[in-house]
Every structure is written in C-alpha cells, then in structure tokens.
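Following this line, the structures themselves.
In the two complexes that follow, chain A is the common piece, with chain B as its partner first and chain C second.
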Partner chain A sequence: MLFVELAVKGLVYGCMYAMMAVGLTLVYGLLRILHIAHAGVFALGAYVAVVVANATGSLALGFALALVVSAIVGVGIYRFAYQPLLGHPPFVPMIVSIGLFIVMQEGFRMVFEAYGISFDNNPYYTSTVAIAGINLNYVEIAMVIASIVLLVGFGLFASLTRAGIGWRATVTDPQMATSFGIDPVRVRYINFLFGSGLAGLAGALVGLLNNYVEPTMGGLVSYKALAIIVLGGLGSVRGTLIASLILGVVESYGAIYLADVFDRDAIGFLFLIIVLMVRPQGLLGRK
Partner chain B sequence: MQKSFIAVALAAGLLFAGSASAQIKIGFHAPQSGPAAADGKSSTVGAEIARDWINEKGGVLGQKIELVIYDDQNKPEQAVPIANKLIGQDKVVAAVSGSYSAPTRAAAAVFQTAGIPYVSAYGVHPDITSGGNWAFRGVTLGGPQGRGAAKFISTKFPKAKVSMLTMNNDFGQSIADGFKEDFAKDGLTLIKEYTFGLGERQFGPIIASVKADNPDVIYAIGYYFVGGPLVAQLRAAGLKQPIVGAQAFDSMKLMEIAKDAATGVFVVGGMDRLRKTPPDLQPFEAEFKKRAGYDTEAVAANCYSSLMLVADAIKRAGSTDPKKIRDALAATKDFPMLTGTLGYFNSIGEMYMPLEVTVVKDGTFEGAAVIDDKTILAPPGK
Partner chain C sequence: MSAYIASIVSVIGINMILALGLNIITGFCGQVSLGHAAFYGIGAYTAAYLAKLGAPLPLTLLAGTIMAGAIGIVVGLTSLRVRADFLAVTTMGIGFVFLGFVRKQKWLGGELGISGIPASGLHPVAYAALIVAFALGVIALTLWIKRSWMGFTFDAVADDEDAAPTVGISVSIYKLTAFGIGTALAGLAGGLYVYFARIILPDTFDFVQSIAILTMVVIGGTGSVWGVVAATIGLTLLPEVSRAASDYRLLIFGAMLMLVMRFSPGGLAGLVKRRAAS
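Entry: the complex of A and B
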C-alpha cells in the first residue's frame, strides 16, 4: 500500500515539475538559452495569486491574473533581455538570466517582505479526497488536471494548427522555416507566452499547496527543472515530461528509502548522473 | 542679546555633540538581505528596541549605547570583514550576533583573536563558543534541547512510540542527537527517523510512511516554514497524533501557514507569549508589533535579551574595558531573559536556562510546561 501511495505522490510532484520544466525546455529548444529567470516567473505567479486572492477574496481571479501576468512578463523578458543578445554566445543571455532571477527574488523580498505570505482563505490544501485509500488534497488533484489539460492542449496546438506547425518547424530548422514565410519572432513570443503562463500557474498552485509564498520559492524548483531538462534530452518536450514524472517518483521513494544517506534533492541529481553515464544525450535527446 | 543667544545655542549644541560622541559602541550583525532576511529583520528590530529602552533610561555608566549594525547576508565571508570593521574601525567594546550559525561561527574567531566579548543570540552551532573564552551563547544548545524534548514527551505521553522527522542541517541534527541519547532511558520507543532538507515543503512520501508506522507521538525538528506545511499536511492526511515541534517552530508564521491545523502543536524551547514575567516581556511584544508590523518572533526576543545582557555586564563591570566586560558576562547569575531566566554560563560560555514548552492555542503560543532539570539540560563543556 505504502509502495503505491509513494508512486502516486511522486506522480503528483512529477506533474508540478513538468509544468515548470516545459517552459524551460521550450526556450532552450528554440533559442539555446538556459532561461534561469523562469524560476522567477514561477515565484511571480505565486505572488500575483496570493496578493490578488487576499485583496479581493477571489481565488479564481488570483489564478487568472497569475496566468496572465506571468505570461506577459515572460514575453517581456524575451523582448527586453534576450532579443537584444541573440547574436551573442549562449552564456551571455544565461548570465543576464541569472542576474534577472536574483533581481526578481530580491524584488519580491523588498516589495512583499522577507517573511512569506499565506492565503487568507485556503480550504483546498487541507481538504482531501481518498481515492482507493490514498489521500490526495484538492490542490494536488488540480495540479494533475491542469498539467494534463495544458500539456495535451499544447500538443494538439503543435500538431494540428498552422501556428503550431510553424512553431515546430522553427524549432527544427529556424532558417528553413523563415524562408517558408514563418515569422520566427512571433514563434518566440508564443513560446514565452505559453511556457511562462504555465510556470506562473504552477507557482500559484504550489503556493496554494504549501499555503506559503516566499521570495526564494523559485530557487529549489529552478535547479530541479534544469536537471529535468538535461535528463529529458535538452530541448525535447516529450523527454522533459517523462523525466519530470520519473524524477517525481524517484524522489518520492528516495525520501523514504534513501534519505538516511542522501538528501531528497540530491537523489534527483544522483539519478541524473547515472542516466547521463548511460545515455549522455538524455532520455529522449538526439546524439 | 541676539548674539549671546546664538552663542548659548552654539555652546549647547557643542555640549550635546560632545555628550553624543561619548557613546558606548556595541556591534551587531544580522542577515538583512538574502534568504535569511526575515529573521534578520526581526533580530535587528529586537536589538534596536533594547538599545532605545536602555538609552531612554539614561544609558549605561552615564553614556548612551550606540548599536553599530551591519548586514552579513547570512554569509561567513561577509561576517569576517564585518567583525574586523567592528573591531578596527568602529572600536566596539562588545558585539552581538543576530545571525545564524555559519556567519556567527566565522565572526566568533575574529572576536576571539581581538579579545572582544561576543554574544550569539540564537546561533546554535557548538563551534561558536568552543573556540575560546570570549564568545557566549544566549540560547540553549541543540543537545540539551533534544534531551529536554525526550523528557517532555515521556512525561506527557509515557511509553510513547515516536516517529521522528529531522531537518538535515546542524540545527536539526544536534537536537536529534540529544533526543536519541535520552529517549530509551525515558521509556520511549523510536519507530523511525525521517530526514528532509531545509527547502522541503511537500512531505507526501514521509507522511504516507509515518501513517503506516502509526506512532503515538510525532516529533518534528525543523523551522517554522517547514513546520507550517508539515503540520497542515499531517492533519490533512488524517493523522491525529500529538505533534511536538522543536524551538524553531516558534513563529507566528506557523499558525498563518497551517491555520487551524497548528492548534495543539507543542514547541519544546518555545516562548510563552502570555507570560507576565519578566516585566518587560509584554511591553516588548507591543513595541515589536508597532515597529515591525507583525507579532513578536523568538529571534527578536533573543536579540533584545542578548543586548540587555551585554549592557548589564557593562554596568556590573563598571567599565567599558572589553576584558572586564567579558569577566562580568562570565559571572552572570540569574539574568531575566525574555525567553526565561539565564541561570549561569559554564566555562566555555554556554548558558543554563530552564526549557519552556509551549502549545499553540487561540492563535498564540501558551506555556504548557517548564523543564528545569540541571542534569539533562546542563550545557556541554569543552
């Protein structure tokens, strides 16, 4: 029983990691930039949700705004931080990205105070449903549903719509796509809009799940998301999804059976090292 | 007439300027930026209240106290130059750390070399005091805290089977070690110990396993920001067992995060917010709330009391000579700290203080028990 419960908990965390990591892998696939500030967007989503929800009393409004604001900020980061640097080697935008992340973290601390904020009214994180004897709270269920709906939706968008096909073409071969009349700048906007919105929503959900939004909350998830996209094969969305779920489950078992030896966070990286020794290109990456 | 008035005013100005410069400088460092900034802010406000109240009552030895404050960002590499600056440039006669273990430990070595008395208000690493005889600690060490927890649990829940959740840093480990030394002797059974990191907020796997253990008591050692989510998730998972937390659960944020789930949680080494003694506790809580905008945090009380302790030592020494202040600190007897009465310092500057146990009730921390046992709480020597 415990064995099954651990797997279920792991999959829930995997969904959370997926929502965070997909945006990161989308940016890497398209621009070859390690978008560290993505973790700042994640925390931003959480702050918008908690501040708006506490001010208006409406959690739905908080979440809607979290989605919109993080998507817009993500696009803004591309437009004002990355676009002017596209001609430079990849480490230049990466350094900018790290700087931006630190600025965002300290900005949250200065604006919202260093002690984190809790939701005034949050019945969801303590209300649970028992499914086959396993307790899941409403936020965990919402996280799983949101990640499935959004990622399936994106998959359909990428395979069925003109804009989606254009996006895939641009990721595969930017020059060829451009010569076929696809606007690469528009594709990048779509990319950041979707990835950042997803991260912002994930942040809001994690804030609700912990009932605690803190300036540094992006930090932990950020390096895990980095590990995940490397594990999945840099730039591969499908690989990222699989890696997220695997990492969630591995951590879940590790927290019980390996924690005397390794920190839960170290377990993920240990797993990463082992996989990379066998498959240096990542789970689904191309050689 | 006007000229003489100006002359008088000038003379008065000079006089005040003169008296203002004759101040006793005490150094203070705390993390005011970075991840530990929240505790840094509370610490600083606590120390500033002590400074202002001392000065309002006429200061010490007829001089005002000046607190020289630096931001150490919770980094040892910042704390060392700060300590040097406090000693060389600011010429402080004593210093208080309102910071965590790592920077405090680094700075303690500098103060030791320079021969300046130094009080760690709440940093718990053993090495802070073990480096010499100039450092003192204003908080009970992890070992005695853990032994106190075993004593409390065995008194309140005799023969209990305990599941233990430990944060894997020096704070968590030292308390866990103390508990593990004593639990068997106190008739308790330890079913299993789980460890988790400082950044952990989701305890699903651990809680699933604790549920399978079905313990009588859950003993959790961690900070409030892990404790809040942990307590909420334990209750949400349907675990109704008593939860005993460690000292760093003591923050009003615990209730804010966990809401009703926090009710009934015990905190070993907590601070009873409703206590009427010492007489400055209730005024301090009111003043802190006014200045900080939120309710009193235990670290603030620790910093307040540590500065009060240093001021008291200067008074008893009758001098601002660091050596004499150190000797006066070492000779402290029954000094009323906000967290309890500091009985004495041992030879390496570790204090003895009865350990208070609080319980969360009606949105605050209320006293539940006091452990005053000189054997189990004896501060460790060298």
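Entry: the complex of A and C
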C-alpha cells in the first residue's frame, strides 16, 4: 500500500512541477534563455492570492488575480529584462534572470517580512478525501485537475487555433514564421503570458496546500523545474511533462528509501545527473 | 591591525581565491558553473575533518585542495557530455547533491556541521597575512595562466568549442584542466576558511554562496583578473560600510547582477575598456 501511495503522492507533486516547468520550457524553446526569475513569478502568485484572499475573504478572487498579475509581470520581465539582451550570448540573460530572481525574493522579504503568511480561511488545507484507500487533500486534487485542464487547453490551443499554429511555427523557425506574416514579438508575449500565469497559479495552489506563503518558496521548486526541463530535453514540452511526473515519483520513493544518504532535494538532481551522463540531450531532446 | 580588520582582510582573501578560481572555469574557459560553493565546501569539510583528527595545518590545506580538485575533475567530465545551458543546470545540481549528502551524514555532523575545530596556532593577524599571501599567489597564478599557452587555448575553447580542435587543441583536456585548477582553488579557500571560522555549517556552501561568487566574477568582468579582484574587494566591503548595505546585501547583489549584465555585459573591466577606447 505504501508503494502505491508514494506513487500517487509523487504524481501529485509531478503535476505541480509540470505547471512550473512548462513555462520554463516555453521560454527556453522560444528564446534559449534559462528563465530563473520564473521562481519569483511563482512566489508572486502565492503572495497575490494570500493577500487578496485575506483582504476580501474571497479565495476565488485571490486566485483569479494571482493568475492575472503574474501573467502581466511575466510579460513585463520579457519586455524589460530579456528583449534588450536577445543578441547576447545565452549566459548574459541567464545571469540577469538570476539577479532579477534575487531582487524579487528580497523584495517580498522587505514588503511582507521574512515570516510566512497563512490564509485566514483555508478549509481545504485540512479536509481530505479517500480515493481507493489513499487519502488525498482537496488542494492536491485541485492541483492535478488544474494542471491537466490547463495543459490540455494549451495543447488544443497550439494545435487548433491560428495563434497556436503561429506559436509553433515561431518555435520551429522564427525567420520562416516571420516571412509568413507572424509577428514574433506577439508570440513571445503570448508565451510569457501563458507560462507566467501558470507559474503564478501553481504558486497560489502550493501556498494553499501548505497554508503558508514565504519569500523563498519559489527557490527550490524552480531549481527543480530547471532540472526537469533539462531532463526532458530543453524546449520539448512533451519531454517536460513526462520528466515532471517521473521526477515527482522518483523523489517520493527516494525520500523514503534513500533517507539516510541524501535529502529529498538532492535526489532529483542526482537523478538528473545520472540521466544526463547516459543521454546528454535529455529524455526526449534531439541532438 | 585590529582583530576586526584582520577578519575583514581574511574574508576578502578567501573570496578572492574563490572568485579567481571560478574565473578560470567561467571566465577563461567559458564553462558556466553555478555550483562553485560545493567545491568550497568539499575543501572545508576535508580540512575540518582532518584537523579534528589532529592533522597539522599544511596537510589539511593540501588535502582540501587536492580533494576539491579531484572531485572537480570528475564533475568536469560532465562538461564533456553536456554544454552551455545543460552544464549550468548540471553544476547547480552538483551543489544541491553535495548539500543533500553532507546534511545526512552523521560523521560530518549533519545539519549542525563541524564545530570545535582546533586553532591554526597563528595570531589572527598572522593568519590574515597567510590568507593574503595565498590570495596574491593566486592572482599571480591566474595572471600567468592568462598569458601562457594554456590561457590561449582556454580562450579558443571559450570562443568556439567546435573550431578549437581544427587548430589541434584537445578541448576535453583543457576543459578538465580548467575545472581541476578552479575547483582546487575553491578547496584551498575552504581549507583557509576552516581555521578562520573554526566552525562550518552546511548552509555556508549553498546555492546563494555559489551565486555570490558568480556575482563577483560577473561584476568584475568575466575573464578579467584585475576586474574580479576589484569587484571582490568592493562587494566584500560593501556590507561592512553601512548597516543598510548589510541588511540588503542580497538585494544589492541581485540588482547589481541585473544592471551590470543589462548595460555592460563585460562587467567593470568592460566599462573601463570602453572608456579607454572612446
């Protein structure tokens, strides 16, 4: 039973990682930038949700604003931090991104103090439901549903709509897409809008799940998300999804069976390093 | 020299050795490493463990240096398999694996680290002088490397990894050399830190530390020895100068990283060069 339960919990975490990692993969696929400041957007989503929900008493409003605010901030990051640096070697925007992440994290610490904030009214935090003998928290279920709905929605957008096809064309060959009348700048805006909104929502959900929002909450998740996009093969959305779920499960087992040797956070990276030594291009990446 | 000044000088010296070591890997050879603090930690843990067993200072420093350099070469092997962005994430991962391992090892003190490390036997001022001597030695070493044949090959590897073999450069050997030297220097800094602080905690060697070292290199100007030296002194003194700067140390680091890269990707050295040219 423990075996199955660990797998289920691992998949739940995997869904959360997927919501984070897909945004990173979208940015990487389009611009070849390791968008570390994504962690700041994640924490921003959590803060907006908790502050708005506590002020108005409406969790739904908090979540809606978290989604909107983080999406807009994500676009702002592209416009003011990355766009001017597109001609530089890739480590330049990466270091800008690290700087931006540190600034955001310290900014939260200054505005909201170093201590975390809890939701005043969070009935979902404690209530669980048993599915096939496994106790799952309501928020965990919401996380799984949200990630499935949003990612399937994105898949449909990319394959069926005009804008989605334009997006795919730009990822494959920006120059060719431009000559067919697609505006690459608009595609990048859509990219950051969607990816950052997803990260903000993931942050809000994690805040609700732990009933705790703190300045550093984005750090570890986003470092793992970076490991995931590398593991999946940089820029491959499908690889990212698979790698997210695998990492969630590997961590879940590792945290129990390797507890005496490594802590939970090291296991994911250890797994990443081993996989990269065997397949340097990642699980689904092309050489 | 008061004890306070001696301690600041010691910290500057240690940071300088760390930053110049990373400068060899990232600046000279072009391999971005986000896990330099792990090698600092490996050196520190090796030295502290041996010091507790009663080994003398020269031996512990040497052991820390060799251990970090040896593991650095092994990690450098990953740079032969993965490149650029993959390498950045892999080296970041090495940092987390190191921390995750150390935290769970009872014989290394777990979360509490190693305390009660024997004194170096030197007066704090004399010990600070020793650190400065090492730092000067490292400056001389990196200046020499930069002008040597090896420095040119590093340049070639950093510039175009695929073109380098066409002029007869073995990319793998020089990458491993850069990793070996750079990480050995981090190990030396770790050993020096052990006798300075006399207690080591796992968190001293975390990701933030790696980023702090990278900040010194990037703000100084990746690849420029004097730029990195100047940035290390400036950034280490900054929190000492004012209370506000010490409270918001990370904020200032982050903002500087962002602004320097945004407006002068060559760092301070790039700025100076541009001034001189115009």
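Operating definition for what follows: the second predicted complex is superposed on the first by the 287 of 287 C-alpha atoms of A that agree within 3 Å, B and C clash if a C-alpha of one lies under 4 Å from a C-alpha of the other, contacts with A are read in each partner's own complex, and residues count from 1 in each chain.
We adopt the following convention: a residue touches a chain if its C-beta (ideal position, glycine included) is under 8 Å from a C-beta of that chain, and two chains touch if they have at least 3 such contacts.
These numbers come from a predicted model, not from an experiment.
In the superposed model, A:132 makes contact with neither chain B nor chain C. In the overlay built on the shared chain, the residue A:160 is in contact with neither chain B nor chain C.
In the superposition on chain A, A:100 makes contact with chain C only, while chain B stays out of contact range. With both structures placed on the common chain, the touch criterion links A:88 to chain C but leaves chain B unconnected. Once chain A of one complex is fitted onto chain A of the other, the partner contacts of A:34 are limited to chain C, with no touch recorded for chain B. In the superposition on chain A, A:280 makes contact with chain C only, not with chain B. Shared-chain residue A:260: touches chain B and chain C both. In the superposition on chain A, contact of A:2 is made with chain B only, not with chain C.
When the two structures are aligned on the shared chain, A:212 is found in touch with chain B, with no touch to chain C.
When the two complexes are superposed on chain A, the residues of chain A that touch both chain B and chain C are 106, 219, 259-260, 263-265.
Residues 33, 35, 37-38, 40-41, 168, 193-197, 199-202, 204-206, 208-209, 212, 225, 228-229, 232, 235-238, 253, 256-259, 261, 294 of chain B are the ones that touch chain A when the two sit in their complex.
On the chain A side of its complex with chain B, the touching residues are 1-2, 5-6, 9-10, 12-13, 106, 109, 113-116, 118, 122, 125-128, 135, 137, 206, 209-212, 214-216, 219-220, 251-253, 255-256, 259-260, 263-265. Residues 32, 78, 81-82, 84-86, 88-90, 92-94, 96-97, 99-101, 103-104, 207, 211, 214, 218, 248, 250-251, 253-259, 261-262, 265 of chain C are the ones that touch chain A when the two sit in their complex.
For chain A in complex with chain C, the touching residues are 28, 32, 34, 81, 84-85, 88, 90-96, 98-103, 105-107, 110, 219, 223, 226-227, 230, 234, 259-270, 272-273, 276-277, 280, 282.
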